[in-house]
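Letters A, B and C mark the chains as written, and numbering starts fresh at 1 in each.
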Amino acid sequence: MELSLVRIAEVVEGEIIGDRNKYIRDVAPFDAAKGDEITLAGNAKFLKRIHETNAGAIIVPRDFQAPAKNIIRVDNPKLAFAMVSNLFYPPSRPEPGINSKAHIGKELICGREVSIAPFAVIGDNVTLGHRVVLHPNVVIGDNVVIGNDVKIYPNATILERCRIGSRVIIHAGTVIGSDGFGFAPDGEKYYKIPHIGIVQIDDDVEIGAGNTIDRANFGKTWIKSGVKTDNLVHIAHNVTVGENSVLVAQVVIGGSVSIGKNAILAGQAAIADHLILGDDVTVVGQSGVAKSVPSGETVSGSPAIPHRLWLRVQKILTRLPELKKKLEEIEKRLKKIKKLERENG
Amino acid sequence: MELSLVRIAEVVEGEIIGDRNKYIRDVAPFDAAKGDEITLAGNAKFLKRIHETNAGAIIVPRDFQAPAKNIIRVDNPKLAFAMVSNLFYPPSRPEPGINSKAHIGKELICGREVSIAPFAVIGDNVTLGHRVVLHPNVVIGDNVVIGNDVKIYPNATILERCRIGSRVIIHAGTVIGSDGFGFAPDGEKYYKIPHIGIVQIDDDVEIGAGNTIDRANFGKTWIKSGVKTDNLVHIAHNVTVGENSVLVAQVVIGGSVSIGKNAILAGQAAIADHLILGDDVTVVGQSGVAKSVPSGETVSGSPAIPHRLWLRVQKILTRLPELKKKLEEIEKRLKKIKKLERENG
Amino acid sequence: MELSLVRIAEVVEGEIIGDRNKYIRDVAPFDAAKGDEITLAGNAKFLKRIHETNAGAIIVPRDFQAPAKNIIRVDNPKLAFAMVSNLFYPPSRPEPGINSKAHIGKELICGREVSIAPFAVIGDNVTLGHRVVLHPNVVIGDNVVIGNDVKIYPNATILERCRIGSRVIIHAGTVIGSDGFGFAPDGEKYYKIPHIGIVQIDDDVEIGAGNTIDRANFGKTWIKSGVKTDNLVHIAHNVTVGENSVLVAQVVIGGSVSIGKNAILAGQAAIADHLILGDDVTVVGQSGVAKSVPSGETVSGSPAIPHRLWLRVQKILTRLPELKKKLEEIEKRLKKIKKLERENG
């Protein structure tokens, strides 16, 4: 494929400085890009090295100047470069059609141009929207409803009655709708609490590989629109994750937790059961959140405390050996004073 | 379905106060329950709001009074409510039968009313008890033995020679019997140590989604009866987990660890290799246990220490900036004293 | 099977003391071994109990003496025992052949004696080396290249264009080549960044069960030869893991991290994005590495600090209640002095 800078600038709403008719054949990283490729210099680190790239064109921030280079100036360079990458590498999709080696249950309601791979299993009374892609060995339980333009990668499992919105991506090996982890102790052993609820995943959500999202006891575990989860994330029963929140790898969300919009939970963060995290909350990696967090706050540590306090504590922690020594010197000094007093007394 | 309070009270061994002939059509949570539904008020939080629910009947603790409500008084309300939920929502099971799209190895010994879904794979010389349910795409290795009333959810894998008891539930995507992580360094690289042992899972165990349980070097990795694991738990080779112990999400158990009965390991807790944890041990979430823990103890922190000590340390940790300031003031004060002494000396 | 000590000693390059013609029928652990079995006494713990084993022969360190026992003296007992175990239990492999229930895409290039199980799915333009074993329900994407003597266990997924070397083992449920976790915020929501790169896994790598290894944005996520990963490990896009490094269970490696040779990352350790870890680095379990680590260093804690400093800090941490008390006593003492001064002043 070959695209002119004019065409690219149109797509990213950018302003060209340099050769408007330059043809571009690929996207490439800054140091590897060749003369017919476009690259990204989105921040100071790359901008100050801009003369080092051999790229035929460079996407830069709106206010940047670069004499003797073809540049496209945009408001959001990272976004613009992702959009251009998508021009050259549009998401692949298999040919539409239901492979004869798939297993299709009763009463499938199926949109247009659906693609179902070999050994995918569709339960009874399933609804699939238009252009849904089910990769090999995906299992869809009875009464599941899936919207339009959804992609589910190999060996993923969506259990009965769960509801998936449109433009959702579910990566390989993920499990949606496993039973919540709930038991009633009877004094000797545990009695399984039935989990009658479902998992609902709203539009434009992307769920990473190897996730597990448990169904609710009653009602639903609810992943709202635009949420993105990384790999190996666990979300327990009855959790709500608000719009556009981001859960990084190996995050654990305990039962009945409610998380607001635009939250960011960094890698291996854990949230204890029943807590409420507001909008725009940030949880630093490996933190263990043991009480609710108001909107806008950043918390760190295990148990998590406000991030600023945590930073101050951490700074002192590594100086503890020194502080302990000081304390011991003070003690000696005081003993000496005491001794002097006694002698003088 | 419709059940009278008399019938429900019989099942949960409860005492009815109110309309014994009231008919109940469903279970529901406290705030959502309608006039023909039964709900739970198991603790003070709900009991003091008992007049707010519209439920047609409420399960309460044995000694609770609630004039003008239909209540069932029981010893263990949470257990009773789970039992009633099970009356209305008995665990579903697919029709018995071996689907023609399953792959069955040689010499299958198969109990009555077994259900094997499409694209399940059964190795050679496998034994399946009565009423076993294998969901789609489950893989059972050669020489595996599975007891009665076992359910294995989609895309789970049970590798060769492992032994599964009766009434065991294994959730989707879980792997039982992968090789233990053992290598002999030869000075330059690692030589794989053969893992000849198996995994044995006893009766009434429930293993969550996305678990990995490794086979033993020799002998067995042993999950004893009644154990419950949440999602994404890792159990290494040669581990023993005692009866009715509970492993919450993302717990990691190192090689050759022995855990007693009724232990509770909270989310993301990790146990180092070769340790012994006694009966009734509690490990707080995210703790890293680096030495053995006697029966009955609760430990916290990474590395884990007795929970009481940990609580005291945590309390001081957040006050470290203040303590450091104090120390600095004391130092100044002492310098002043020294100066005075010199002047006076 | 039956092997003479002479034959065994040959394989492990050991020296026999005792009955050279002794026949051995199995390997067994120290306390369980019987008279026709060989065992291992590799360290002081077992060597001082050497008279307690009933084993017919014992593998011991090169300089060890044991009158009245058949011993084989070797340089590396653990390695030697693993090699002998392999003699008795050579890795099993299924019969060669492509099962008629597998799904094979177009243009498969296939080596000799390949074994493809039922319901495995091979995409288009795949290359498989000699003696590759694909277990049931494995999914191999389009244009994947796999070397010789590779084993891929059930329900694992290798996505399009990834490259796997020779003698690689990939355990059940693992996902290789899922999209990297990269999004460009557009002010309101997240725009998916295309991940055009691949995962490359070099020779002699073993990847545990339930791992997720993401494909690169550009170029490759690169697992170099001899690397071993335990279960439930997450490796993000564009990571490089150097030769013979070891990643223990639930380790998380952030995007674009570079790890040198022979590193050891213990269980649940996490490495933040873009860091560089040198050769022979050790990261203690549960540590959170937030800055780059030079070759040869050991780090601990979250955030990770040099291990020696961490040890000193930990020691003081548990004494904090005591130190706080001391500080308070000193304060009191100083007040007293002040008071005295005033009275004397």
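By our rule, a residue touches a chain if its C-beta (ideal position, glycine included) is under 8 Å from a C-beta of that chain, and two chains touch if they have at least 3 such contacts.
In this text the structure is predicted, and so the values were computed from the model without any measurement.
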Compute the shortest path length in steps from chain B to chain C over the network of touching chains. 1
With over half of the numbers shared counting as same, classify the chain A/chain B interface as same or different. different
Between chain A and chain B, what is the gap in Å from one C-alpha centre to the other? 26
Check: chain B positions touching at least 2 other chains come out as 119, 137, 155, 173, 210, 232, 250, 268, 286, 302, 317, 327, 330, 334, 337
Parts of chain B lying in touch with chain A, wherever the complex brings them together: 27-29, 32, 76, 78-79, 81-83, 85-86, 89, 91-92, 99, 101, 117-119, 135-137, 153-155, 169, 171-173, 204, 206, 208-210, 226, 228, 230-232, 243-244, 246, 248-250, 267-268, 285-286, 302, 314, 317-318, 320-321, 324, 327, 330-331, 334, 337, 341
Can you tell me which positions in chain A touch chain B when the two form their complex? 103, 119, 121, 137, 139, 155-157, 159-160, 173-175, 178-179, 181, 183-194, 196, 210-212, 214, 217-219, 232, 234, 236, 250, 252, 254, 268, 270, 272, 286, 288, 302-303, 305, 309, 312-313, 316-317, 323, 326-327, 330, 333-334, 337, 340
